[in-house]
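Naming follows writing order (A, B, C and D), and every chain is counted from residue 1.
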Amino acid sequence: MLAVPPLWLAIGAAGLLRPRSLRLSALWLFPLGAAAAFVLAAASLAELAEPAQSLVLPLGLPDLPFHLRLDPLARFFLFLLGAAAGGVSLFAAGYFRKGEGTAPGLLCLQYHVFLAGMAMVLLADDAYLFMVAWEVMALSSFFLVTTQHRIAAIRSAGFLYLLLAHLGAISILLCFGVLQGGGWQFTFDAMRQAHLATPWSSVAFGLAVLGFGAKAGLVPVHVWLPEAHPAAPSPVSALMSGVMLKTAVYGLLRVSLDLLPQPQWWWGLALLGLGLFGALFGVIFAAVQTDMKRLLAYSSIENLGIIFGGLGLVLLFAASGHPLMAALALSATLYHCLNHAFFKSLLFLATGAVLHATGERSLGKLGGLIHRMPWVAWLALIGTLAIAGLPPLNGFVSEWLLLQAFLFTPQLPQPFVNMLVPLGAAALVLSAALAAYVMVKFYGVIFLGQPREPALARAHDCGRLERIGLSWLAAGCIALGLLPVPMLALLDAVVRQLLGTGLGTLAPWWRLAPVAVERASYSPPLFLLVGGAVTLGAAWLVHRLYHGRVRRAAAWDCGFPLQNARMQDTAEGFGQPIRQIFEPYFRMQRELPAPDDPRPAYRVTVEDRFWGALYLPAAAAAQATARLVGKLQQGRIAVYLLYSFVTLLALLVFVL
Amino acid sequence: MELPILLVLPLFGALLLAVFGAWRRAGEINVAVSLATFVASALLTLRVIRSGPFTALGEQFFVDPFNVFLVALTAFVSFTTALFSRPYMRIEAEHGRVNARRLRLYHAMYQSFVFTMLLALCTNNLGILWVAMEGATLATVLLVSLYRTPASLEAAWKYFILCGVGIAQALFGTILLYLAAEKALGAGGVQALLWTHLDQVKSQLEPTVLGLAFVFLLVGYGTKAGLAPVHNWLPDAHAEGPTPISAVLSGLLLNVALYAIVRSKVLVEGALHNSLAGHLLMGFGLVSVVVGAFSLWRQKDIKRLFAYSSIEHMGLAAFAFGLGGPVANFAALLHMTVHSLTKSSIFFAAGHAAQKAGSQWIDQISGLLLRSPRLGWGLMLGSLAILGMPPFGVFASEFLILTTAMKQSPWATPILLSALGMAFAAIFLRVQGMVFGDSRLPRLPHPPALLPVFVHLALVLLLGLYIPPPLAEWYRLAARFIG
Amino acid sequence: MNAANLLAQIVVVALAVAAAPLFMAWVGQCRAWLANRRGPGLLQPYRVLRKLFHKDAVLATRASSLFRIAPYVQFGAMACAAAIIPLLGTDLPFATAADAIALVGLFAVARVFLALAAMDIGTAFGSLGARREMLVGFLAEPALLMVFFTASLIAHGTALPAMATAITGHPLAIYPSLAFAAVAFLMVLLAENARIPVDNPATHLELTMIHEAMVLEYSARHLALIEWSAALKLFNYCAIGFALFLPWGLPDRVGSGMLAALPVVALKFAAAGAGLALLETVSAKMRIFRAPEFLATAFLLAVLGLLVRLLLGS
Amino acid sequence: MTHLPWSAQFIHLAAAVLLLLSFAMLTQRRILSLLDLFATQGAVLAASTAIVAYSSGRAELYYSAALTFALKVLLLPYILHRLLRRLNVRWEAEPLLNVPTTLLVGLLLVIFAFALAQPISQLATTLTRSTLGIAIAVVMLSLLMMITRRKAVSQVVGFLALENGLFFAATSATYGMPMVVELGIALDVLVGVLILGVFFFQIREQFDSLDLRHLEALKEE
């Protein structure tokens, strides 16, 4: 398992041998990388429950060599990484056909360094290696995001991404600094043993939330996400959204449940609030997007919000002494991480295939692709239904588990928290329902209806490797949806490591009943069996008893013969109800045509209020300070001499 | 025997180039002499590693792990800079910015500068140290004004006057030190300025006088090290001189000035028995970091930009020395090393970029990655390295400095970290604009020398991931010498 | 799970599927009576279905197979839902396959498929209907879930049988929280089943229609299935309402008790249908953009119910 | 004061003259006169060094005195004179600070310098230790002069006067630095002045003037 990250690095370096050769990277290196990823996933899964193993490498700082550690938590996330990255790499092998601005060999290097960086983040067992891997991950993904750096918007997206990633990293570094307690000890083992006073552990937790939140797109440090994801090539967006965001979840889990001593209940409450606010925020913004990848990016904000909300619940329960409930919430959260890795990667890859086939990212110029690209369309449908949280796919399982955790709220010591938690459940179901809205918009506008541009008639389906990659991820969505019990049983090792208690046995394998069957249960195989039987039976009966005759005719045009593709709902149109209902959330600019305009045009831009409220003032403050500091250097030598003189006098006075 | 050779070589080179400096092959001579110097420094280093510190030539010279590491670094960077300057100056000559006479001056002064640096590092005599520091100013001041443009003259003038005044203050500090030393070591003794002797009796030195002396030394040498608020000469001189000079000013001169401060700090701390000197150094460091970081925000000139970054990093190193203790000293030494390697490689890349664009204005440079990918990557990776991005070595040293600061003076870390964040935003935005995007830049008449850039960056990368045990041991020894 | 249980389960589902159009007809008949009309009789829906099944299906040229699958999926989902809801007993085997949350998910599956199918043709009507349907859905679904949650707090579980037995299994008590939930549930029921005041099943006015706009392109057997599943959906909703708020008369094991429960259930449906007709007669259709407010009210009421439950413990 | 040896009294006199000269330089606006004042300062310095050498019996201080005399009385003023004649600079422009204010600030600096010298001179063992305050005052007044002047030449004279002050401090506090250091310093000063001469020509060539106002272009806007 440990050989995989170096192998990835070697594969990447091999790409540099012949940087311009597409054959080398597409036919050999990417598939090889995918194979390594699958090996990683399989090995991690097989050993998930094994006890922790540590390793010290003779690298790093003299007093702080690289410490590695494989424990169930790390193995779970390595499994997630391997499983998602395997599919994405296979797709990427077929996808990077033309090279995306960067030479294919270089792209291969950056891609595999990115993978290795993520793996090392998960393996790291000391602060230094963690930070190194963390930033390598950020840096390599930055270069991948800016592959097409000739476009100014992509450059600024990349800058914003790296800046926020760096600020996040600074926050994480500070967090480790607090965690070390008093001694200069930066191995995670030492941090576990450092007995931190409560105020300091709260500070560390806050810094960790800020730092990891910046990577995970937690509101309000989410602004980079909708910019960077669309800018990146689609396999990279898939990896970033599907896997990289999870490393932030991993980090927060590691810090809050492993490194920090006993959590405080209000941490959980704060994280719950932040996460669920982010979930609602993300999904509302996703509903009004007109760029397919931006839409998915906002949907990632939503999903990560849900995950963080779940973590909040875990902390709340763990701090209030309800380990079983905490275990349920943690299982749900981890399961959602895994689910999101699969379906979001799948959807991002699908947008990539669409992008390659049509050259369009704007939803306003797509449509009807199910006819031209059946493979992509049907596989994407699975992802769409999964992310919309529909049974019997995987998105529903984690949603179900999380809602159970919300509903079985035991008596918490703080009465008002007891009131707030069900409100959290309300926010969660609202965002889940809105997600369905968003995904219908996403799928319907891209794949259904009439093509909105004539050029779409030339769109082609994706290649063989790409199909395999997509199919793998779709199969993952189905398998995780149908067989939650075996997966949860595996997860139990992770839960037990972090909380000390697990969910226990969940037999039988076909029915999920985390507490008691008579209180709540869900059996996806049975569900699918009955639902499928009824559906197929109905179809069989109808055809059997009556007939299966079909005639084709033009769609009904209301007697108005000039119907064309532009009369369908646009993406803006589909988002309009949401825009109206949640108007105060947006900073909206709308241009409506005058009634007598011969060439009417409609334009609406929807912006995030956080820009105006947080980021622009911060930038302005920095600029103002810079102007002030700039006054020091005002050109006159006499003044410079005066500085020297005054400094000298002041110090002399100080010393005397 | 290595030591005299080490010192004589650049002096000899300076004389040689004063005669042949305008020759067609002068660049190669410069490289050869620098290489020989580097070899000598390597031999010297080996000797120190093998047999420990020693004094030479009637105790006038003293080599211990602390300065020998700087000697090796200085010789190495001056060698790679000579490599870089060969094609660079040739292109400059082709562009008509320098003529034969100035080229001769350039080469001769380059070697003289290296001589003064090595002298300042190796000497045991604090007076000679002062003389060498002043000599370094004199050697480079005419190089700053090499192009004879109004801006370069102005920069050189400010450099000369401000550093002259600064160094005069350091002289007063040295006099005070001498005064205190005479009391301990006997009047009129030649040993009274020898660091090795002073170090032995440092606890008997009069504290008040030493405190005052340290103020003078700190402000004086601090001016040369570019510590705010006495840094004002630095951006001008770096921006207006030829790029190889910017590289050695940033990569070597600042280090040596800091070295002088640290040597004095050791004595003063020994005498004062409190952490006044450390606190003063930390204060200067902190102010420099903040001033440097914020000044970056308004830069339009690529070399000025990185000059401010040097102020910031010198501030960081000074802060670390101020913190004191084995880890912080180790980190500061590491930081000096990686900073001078990285910064000089950045200046190499930036210099070629500016040559391509025919301008140092940042908005005139764009799309380096398209037109000359190696140059673009050099600048990009160098900038990321200097911004403290892992896995480059600057991160390693910053990590050590920051974590030690968290332990010893937690109040300072948020300031440092936010300044680092500010610097990141400012520099990266500009570098990205230069490296990425479309390009209409012309080709250069000679292939740029990018080997030094990547050699430096490779070393910095290595130091970020793996510090070889001998090197670590060496740093540790040096850190212990500083105390 | 023995054979008798399985048989009972199949019978219950078949009964629900068969009776759903009848209930629809009953509501229509009541409305006709209230409007002083004679009404088409209780068998009219069956006649319509039969006619539709016999016709040739006409598909739009641009329709993809998703369009053809959707009616079956919707029908399957509704029939599946009928199997989950404790209509005639609380101990049917399929009840453990899904709980209230899964039930809501099932309704969502039907809705999403229908909305996607509506967008498939690419006409203005289809996408308009899909959008409006999803708008109603995203507000109604959370409200329904909150209603379930209120009940689940009483039942300590989200399993539907548990909810049904929670009230009957304890001595009679007044649950103010359930009153809130009941009102919210009624509002959701109206919205989800395209009833007045949110939608009007009897009109094809493009400014206001929701459900009809989506199914405009369907014909013959597909339309028949859609109509049937719409009836089944209304039937299911009513059954949910009974299970949550009027669970009396449900036997707790499979057997002859179920036969005895049949008249009780029929009575409940008759009353509910009449009430629904009355409600629809006395209220007017809202503008489409009032619908979110209507549903938001339902959502808030449901959340209030939840909070009341937590505050009063009742 | 009466029991001081005459040599010490002479040195005190020289110190007082040096301080007076510093004030005179601070206010002098004719550049040629400024040079003369500088040369006089050098002469007084050399004389006082010679007296110290005589009274303390240290031979190397004679060399120091001779060196000072050669460099600061003969060579530097000569070089500067020639430069001025060739560059045709006579008058200082309006100083940045008017004369009364400058004098007032100077006075404060002198007080500060004396306070500063107090603890140091207690430590010194030399006969001349009490003049250390004056040496520091000379250093500070020269710095003040550099700050307030606008012509490059007067700034340089200020710089050289600063050097004089330092030299005086060295002799008064410690009987001078070791010879090798003295030589080095002298070499540096000499080379510095030569380079400055080169500079003057370059500056004049570029700007047609030696006014420092032309040298204020490099700044952050």
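The rule we apply is simple: contacts are C-beta pairs under 8 Å (C-beta built on N, C-alpha and C of every residue); 3 or more make two chains touch, one makes a residue touch a chain.
The shown structure was predicted, so the numbers you read here are calculated from the model rather than taken from an experiment.
Colleague: In terms of C-beta pairs in contact, which of A-D and A-B ranks higher?
Modeller: A-B
Colleague: In terms of CA centroid distance, which chain is the most far removed from chain A?
Modeller: It is D whose centre lies farthest from that of chain A.
Colleague: In whole angstrom, how far does the Cα centroid of chain A sit from the Cα centroid of chain D?
Modeller: Chain centres of chain A and chain D, defined by C-alpha means, are spaced 70 Å apart.
Colleague: Once you find the CA centre of chain A and the CA centre of chain B, what distance in Å lies between them?
Modeller: 44
Colleague: So what's the Cα centroid distance for chain B and chain D, whole Å?
Modeller: 31
Colleague: Distance-wise, how many Å sit between the C-alpha centres of chain C and chain D, to the nearest whole number?
Modeller: The separation of the two C-alpha centroids amounts to 101 Å.
Colleague: Counting only residues that touch at least 2 other chains, which ones in chain A make the list?
Modeller: 630, 632-633, 637, 641, 652, 656
Colleague: Identify all positions of chain B at which a residue touches two or more other chains, and write them in rising order.
Modeller: Counting only residues that touch two or more other chains, chain B contributes 157-158, 161, 165, 212, 235, 295, 298.
Colleague: At least two other chains touched by the same residue of chain C: list those residues.
Modeller: Chain C, residues with two or more chain partners: not present.
Colleague: Give every touching pair of chains, nothing left out.
Modeller: Contacting pairs: A-B, A-C, A-D, B-D.
Colleague: Taking the complex as given, what residues does chain D use to touch chain A?
Modeller: Touching chain A from chain D are residues 96, 112, 115-116, 119, 140, 143-144, 146-150, 155, 212, 215-221.
Colleague: Which bits of chain B are touching chain D when the two form their complex?
Modeller: Touch residues, chain B against chain D: 125, 127-128, 130-131, 134-135, 138, 141-142, 145, 148-151, 153-158, 160-161, 164-165, 168, 171-172, 174-176, 178-180, 182-183, 187-188, 190, 192-193, 206, 208-209, 212, 235-236, 239-240, 295, 298.
Colleague: In their complex, what parts of chain A are in touch with chain B?
Modeller: 58-63, 127-128, 131-136, 139, 146, 149-150, 152, 155, 158-159, 162-163, 166-167, 170, 173-174, 176-178, 180, 182-184, 186, 622-623, 625-630, 632-633, 637, 640-641, 643-644, 647-648, 651-652, 655-656
Colleague: Which part of chain D faces chain B closely enough to touch in the complex?
Modeller: Spelled out, the residues of chain D in touch with chain B are 58, 116, 119-120, 123-125, 136, 139, 143, 146, 152, 155, 159, 162-163, 166, 169-170, 173-175, 177-178, 180-181, 184-185, 187-188, 191-192, 195-196, 198-199, 202-203, 205-207, 214-218, 220-221.
Colleague: In the complex, go through chain C and note every residue touching chain A.
Modeller: The touching residues are 13, 53-54, 56-62, 64, 66, 72-73, 75-77, 79-80, 83, 94, 96-99, 101-102, 105-106, 108-109, 111-112, 115-116, 119-128, 130-132, 134-135, 137-139, 141-142, 145-146, 149, 152-153, 155-159, 161-162, 216-217, 221, 225, 289, 292, 299, 303, 306-307, 310-311.
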